[in-house]
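Single-structure report; data block below.
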């Protein structure tokens, strides 16, 4: 044990440090060496415990309690999702529309079924007799299930009996299939007004110029207009898998 | 003048690196830990921060937690200056310099923790005024950079002056040092307040967005930072001839006890507000203390921190245990551990868990982060050791009036 | 602000910084024009000629990196008399996530590690809007599930943006047309903005982002969808490369149910003003006073 001379120092008037004269101060009450060592031992024990806890939690932690069915284990990119056109091509007219505050450039794709071979309907119906009785069709068009509106709704409420190539409004006015929204708008006025302003339904193009829009019938089958459910695209990668999703390992795990 | 400076540099280097076997073992150990951390950091620098476990959901974690804690330690150095120079209390005056040394080491560590945390360390120069574009007065982190560098410069100035004059056996210039020391008091309060404001100003994180956060930071800093110094002083008492009165140690411990009380009181106030008002924001405190929906990784640490702080407070409050070196040292370790958790992980992680959109991502540090953290702590300990090694003989020489 | 004159102080500083930057840039992945950056200011403070030069350099670097000749980098400025706003119809969103992947495709987001700028939150109808009970990892067979509704969240381009306030180096700011942009060549990666954003809208490049060369969208804007470097923050920019040329953002165009609306808020006749008049719009976390430009509404 190294004995140190106990020196009491203080600053004198000139600012120099010098020894203080006088009786030695009383030695401290507690025993010097033993408590110091034991407290350092305590220090060491606590430090080791804390370090062990930290390292243990590092080993334990990480991936977390996520099962494969909970989603977010694998990373997907847009090209892995087939069938969806992320390039979002515009109709030719819209593409060429000059961007600028121009009005009037609204383009719409052809109505559904108009190029399917069914149209023009008059090919068959011009020769046929009109049967105005409410019934379930059996000979033709039996694949159409009408789920639209009140129970007593039926075909000729919307289709014009005398000329099937046009639709008929309530007031008797005849409209082409290109303007079918006028027919829908008779009952669905709020939505029609929203659609007219662009709030309802999908639009593509220029916010300050030409736009392409869709007819009601492009999204809503007029015979069964309720929107079908669709399969969602994959969920994002969970953060605990972000680094691993870059590698193949986690993909294999999700296929187990 | 140049000769004086040159001899100071070479002389203090000689003093700093000369020692006994224990000293060399310690330096070697720190060097190894530093290299271990440096390797991890280099890997992180090349790959990016993906080597950590930080993700978008918890974007600040281990590094920033350590940064916050260490700024507190640096601020707490002022704990010694207040009684020494404001109240002219002799027993602390001669040893106040160790507080400055601790402040320098802690500030360097905290700045290193920020350096390893940014995604583009090659762009940190943009934070400097005139050559960069610091976003002042609006960005709190911009202010933090200013005040931290200023505080480092201030403390370095004081330390270098004291060591330089002591090395050459001259008395230090009181008119130069004392105003700087007095300035370091508001500077210390300033650095920690600005760091607290970085958190407290964030409206998006309700766990942090509290007016009480800045006082809590100061209280927890003052109650934990001097713990290192208490242990150091006991070591110095036994291994050098510097006279450190036990009175000084008891007084520091007493002041720490007051700070601990304030810390616990402010904590209690925060807990009351959270649990009584029972708003949505409670979920962060719940995550910390009881876990939410099975996410409870931090719960044991939160309670450990609380228990450590309370026990340490009692040990420091009761005069019998405060003046008993065993219990005092236990108390020092406990409060240091308690506040390390409280200002580190138990501050940053619950602030970000659940994230702003309600998602729970349980963060635990990776080995890489722990390595980098250990490396930075090794640097800090190294600087502190070498500075103390330089300061001790100078103080001893001044004490005995002749070289030993 | 005029260009810096190359005085001695600047030269000395830049020499030192160039050395430091040279070492680090080699290891960290070059960001184009880094030497110029040391001498010059942020991109927006430069002269027009200097900007053109830097854009050309960026183009060159991108073309080389992805081996494609068609990549362009522009810096289209904001149009006059335009303030963008966005509307999202919560009565329509079905949670199909097509907007998420359209955004990834359009804006050259990293596939690996994955970055999504849009997050779709699934919430229970019984709870209403409650972030704590929401889930972004839903993965049922079909959506929408009858007991849930869906709320997509991306950058709200706030009028009082917390992220801009806290950035220590002015790497992010709000443009005159309302878009909050980030300069990827100035961003430090300190993530203060990510901490400050109440909507989780900002995302970090934790490592070098990777996109397959044939999946790159070649029409890029310097602050928008040009490929970002490692270690910087990115976020939705209202498809700045499209909207400043008049087009709808990619998410608006891809949404199969037309739940997304976009337009010029200053246009009295436009979609945005119509929906604000006719529908009741609300914003997320309005108590934080961020004043977003992203309005949620229920059309029916």
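Note that the chains take the letters A, B and C in the order they are written out, and that residue 1 is the start of every chain.
As a convention for this text, contacts are C-beta pairs under 8 Å (C-beta built on N, C-alpha and C of every residue); 3 or more make two chains touch, one makes a residue touch a chain.
Everything quoted here is computed from the prediction, not taken from an experiment.
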Innermost chain, taking as reference the mean of every protein Cα atom displayed: C
Which of A-C and A-B has more C-beta pairs touching across its chains: A-C
Length of the line joining the C-alpha centres of chain B and chain C, rounded to whole Å: 37
Centre-of-Cα separation between chain C and chain A, whole angstrom: 16
Inter-chain centre distance, chain A versus chain B - centres from mean C-alpha coordinates, in Å: 44
Numbers and ranges of chain B residues touching at least 2 other chains: 50, 55-57
Touching two or more other chains - residues of chain A: 238, 242-243
Numbers and ranges of chain C residues touching at least 2 other chains: 113, 119, 136, 206-207
Residue numbers on chain C that touch chain A, as the complex places them: 82, 87, 89, 94-98, 100-102, 104-106, 111-114, 116, 119, 136-144, 206-207, 210, 212, 215, 243, 245-248, 250, 252-258, 261-264, 267, 270-271, 274-275, 278-279, 299-300
Residues of chain C touching chain B in the complex: 13, 17, 20-21, 24-25, 27-28, 34, 38, 41-42, 113, 119, 121, 130-134, 136, 153, 162, 165-170, 186-192, 194-200, 202-208, 230-233, 288-289
Residue ranges of chain A in contact with chain B within the complex: 2, 4-11, 14-19, 25, 28-30, 32-33, 35-36, 38-40, 42-43, 46-47, 50, 53-55, 57-58, 60-62, 64-65, 238-240, 242-243
Residue ranges of chain B touching chain C (in the complex, touch as defined): 45-50, 54-57, 59-60, 114, 117-127, 131-135, 138-142, 145, 198, 201-205, 280, 283, 352, 354-359
List of chain B residues in touch with chain A within their complex: 50, 53, 55-58, 90, 93-94, 171-172, 174, 231, 234, 238-241, 243, 245-246, 294, 297, 300-301, 323-326, 328-330, 333-334, 337, 361-362, 364-367, 370, 398-401
